[in-house]
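After this come two complexes, each holding subunit A, first together with subunit B and then together with subunit C.
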Partner chain A sequence: MLFGFEWDTSGPLVFAVSILPILLVGMWVTIQATVLGFFVALVLGLLWAVLKAAPSRLISWPATVFTEFLRDTPLLVQLFFLYYVLPEFGIILPAFMTGALALGLQYSAYTSEVYRAGLEAIGPDQREAARALNLPAVRTFTHVIIPQAVPRIVPAMGNYLVSIMKDVPVLSVVTVLEMLNVGRIIGDRTFNYLIPLSMVGGLYLIMTLVASAALRLLDTRLPKQGIPLK
Partner chain B sequence: MHWTEYFSPLLQGAWVTVQLTVYSTILGAILAFAAGVGKLSSNLLLRGISVVYIEVFRGTSLLVQLFWLYFALPVAGQALGIDLRIPPVVAGVLALSLNIGAYGAEVVRGAIQSVHQEQHEAARALNFTPRQTLTAVTIPQAVPEMMPPFGNLAVQNLKDTALVSLISLGDMTFRAEQLRNFTQDSTTIYSMLLLMYFGMALVLTLMMRTLERRVGRWRGTGA
Partner chain C sequence: MTDTIIRFDKVVKRFGDVTVLNELDFSVQRGEKVSIIGPSGSGKSTVLRILMTLEGIEGGVVSINGEPLWHEGPDLKPASEAHLRKMRAQLGMVFQSFNLFPHMTVLRNITEAPVKVLGLSRAEAQSRANDLLELVGLTDQAAKYPHQLSGGQQQRVGIARALAMRPNILLFDEPTSALDPELVGEVLTVIAKLAEEHDLTMLLVTHEMRFAREISDRVLFFDQGRICEEGTPEELFTAPVQDRTREFLGSILKEA
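Our next item is the complex of A and B:
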């Protein structure tokens, strides 16, 4: 029994049906971790992008090296680091929060590049035109650059959202009860790994297919020329 | 234990990590070419197999694939009456290369499709067979296009090898875990581990850049 649901091992099909609700509880945790991790990645990535674009090399250099470091080291090791090292400095977070933070940190390195590429894709002529129209710098950014950068940024960010979802099972090593961990516990207790783990794989496939379809739909809905203001 | 004493076990693990990375990258590249070319094949069966392989391995999590091969496959074998128990190292290499191969297949497909149509027409005019066109005209020009994304995938693969420590394979992360259990000195051990992975990734990136320049001369002269 797990999360109050009993399993029935009398036959393969009955077993599969009886553990489905348990796996769905795990799936819900997976989705929550994905969303929270993605949010952290979006915020931190923007911060790194701004720091990397700083005019002073004293700021842009360390930011570049740090994001490179985040990108080139395994998520699992970063997670272990946060989980075991943060408490030594008095920062004690629940496992789920540590996991979401690790996901967000790793992917912030990738999202910072998306922000940078999105902003650079807008040619200098746009800035020149804004200047010729005597727009202040802030309004140029909020009314010219951002509306044009968003449609370029969204599809790439969507791909990372799906990647984050596929990395959530790593959180199982710090006791987060996401879908794979739940599937494995069922396997441990029933001595049948084949059905729960295959179901986890199948549910993952459904999740990524649905997410990809949603992103494609979003992509076709986004105006290519930028978001019209008012 | 003084921190310099951590090096010996970590380096032992590093060697396993290097081997895993090399084997799974090579096997992954072979799978990538097979599935990437297969997806463009006119043979419906080949195309179907390639598409299903790519979608399944890109659509699920690597850790799920690893656990499935290690925990679930033997049960499936038992049900079928065959012994499918595989040692951790085989499960690890297989999962890593199947996963990276699926990502690589999309790179191969994209690069092949980016070769200009007139190249195919020229090959046809010169009476090349489809096979000759593929091996002598298309692939040599497509390979330089594949190299930058392949470099990223190789680093991705290096990072992914850390997951095999979860099926008790003695890689660098596994050794670090053992050391931590023994000494409780998490900060030093994990900092060293992170830096060692970073160093390995930098070396791998450098190697892939060199390879990229090497094959760069196969590029068509931009007809």
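Our next item is the complex of A and C:
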């Protein structure tokens, strides 16, 4: 029994049907971790991108070093660090939160590069036109640069969303009951790994296919010239 | 009494080791229409970009209405952004590649800055924009996006957008160079109409010699960061004094 659901090992099909609700609970945790991790990556990535573009090296250099560090060390190392070291400094977060934070941190290093490329793709023409019209810098950023950068950023961000989803099983090592961990526990207790782990793979495939299709749809819907302003 | 609106006083501009403007001196009177011609790399566009505050200067003083553009105060400190913003309000620019905001409708392109910078209400800005669209002959295109227009139409929107800020000085940076030949005429017609009907001071960098001759009060021939020759269109085009001018005009007319 897990999450209040009993499994029935009398036949392969009934076994599969009986553990499906349990796996779906795990899948829901996976989705939550993905969404939260992605959100953290989007917010922190923008922060790093802005800091790295800062005119002062005192700001841009530490930001560059830090994101390089995030990118070049394994997710598992960062996760262990947050999970085992932070409590020594009195910061105790639930395993799920720690895991989502670790995912978001590592991926923020990647998303900051996507932001940077997207912002740089808007050529000097647009900034010069805004300057000639005396538009304030903040207004230029929010109403001229960002709306045009978004369609260039979305496809790459979508790829990272799917990557984060596929990295969620790493959180199982710090006891998060995401889908893979749930499937493994079922295997441990029933001595049948084939069916639960195959189902985890299948459910993962469905999730990534759905996410990719949704992202493609979003991408085709976004006007290439930018978010329209009437 | 002369009424000088633009003055360049020994202005130096360098890009790295290359000196683009070499102690350039010239002035423009209020309401004057001045064309700048010359080979590419002679610093013509740089003059406009310095005026529009898109490029700084390394030496000398640029003044608008007697007030230094890139400096402020009695001791000519480098200008602050606030000073540049104030000075910039007197100028408008029409770009070679239009530089319209592609995600904004034609109307929004023209009203964005008047609303956000001049503080006009949306209704005021729209009524101003509609008048300008009529002036440039695009009354029925207000709701379209730039990519739905031809190059000539886009450049006419560019002109309307610059005029919406009510500048005293309008700068045209090769406004027809990016256009297909059959679209050049419609843009030139609008510029000619502005030159005739408005007391705007106009500075036009162009390769359209016949047009420069028609609308200008004065033509400056630039070569290697200096004014090589200047005069009325009549003087410069029919009886150029300098060999360099003759050579340039000869090569241009051969192309045409």
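Going forward, the second predicted complex is superposed on the first by the 229 of 230 C-alpha atoms of A that agree within 3 Å, B and C clash if a C-alpha of one lies under 4 Å from a C-alpha of the other, contacts with A are read in each partner's own complex, and residues count from 1 in each chain.
By definition in this document, a residue touches a chain if its C-beta (ideal position, glycine included) is under 8 Å from a C-beta of that chain, and two chains touch if they have at least 3 such contacts.
On a predicted model such as this, the values are computed, not experimentally measured, just so you know.
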Partner chain(s) touched by A:R216 [first = subunit B, second = subunit C, both, neither]: neither
Touching partner for A:A129 - first (subunit B), second (subunit C), both, neither: second
Partner chain(s) touched by A:D167 [first = subunit B, second = subunit C, both, neither]: first
Which of subunit B and subunit C A:F69 touches, first, second, both or neither: first
Touching partner for A:I227 - first (subunit B), second (subunit C), both, neither: second
Larger contact residue set on subunit A - subunit B or subunit C: B
First, second, both or neither for A:R189, with subunit B first and subunit C second: neither
Partner chain in contact with A:S198 - subunit B first, subunit C second, else both or neither: first
In the complex with subunit C, residue positions of subunit A that touch it: 125-126, 128-129, 131-136, 139, 143-144, 147-148, 223, 225-230
Subunit B partner contacts - residues on subunit A that touch it in the complex: 69, 72-78, 80-81, 84-85, 88, 165-170, 172-173, 180, 184, 187, 192-194, 197-198, 200-201, 204-205, 208-209
Complex interface listing, subunit C residues touching subunit A: 52-54, 85, 88-89, 91-93, 95, 97, 99-105, 107-108, 112-113, 116-117, 143, 145-147, 161-162, 165
Subunit A partner contacts - residues on subunit B that touch it in the complex: 55-56, 58-65, 67-68, 71-72, 75-76, 79, 155, 159-163, 165-166, 173, 176-177, 180, 186-187, 190-191, 193-194, 197-198, 201-202, 205
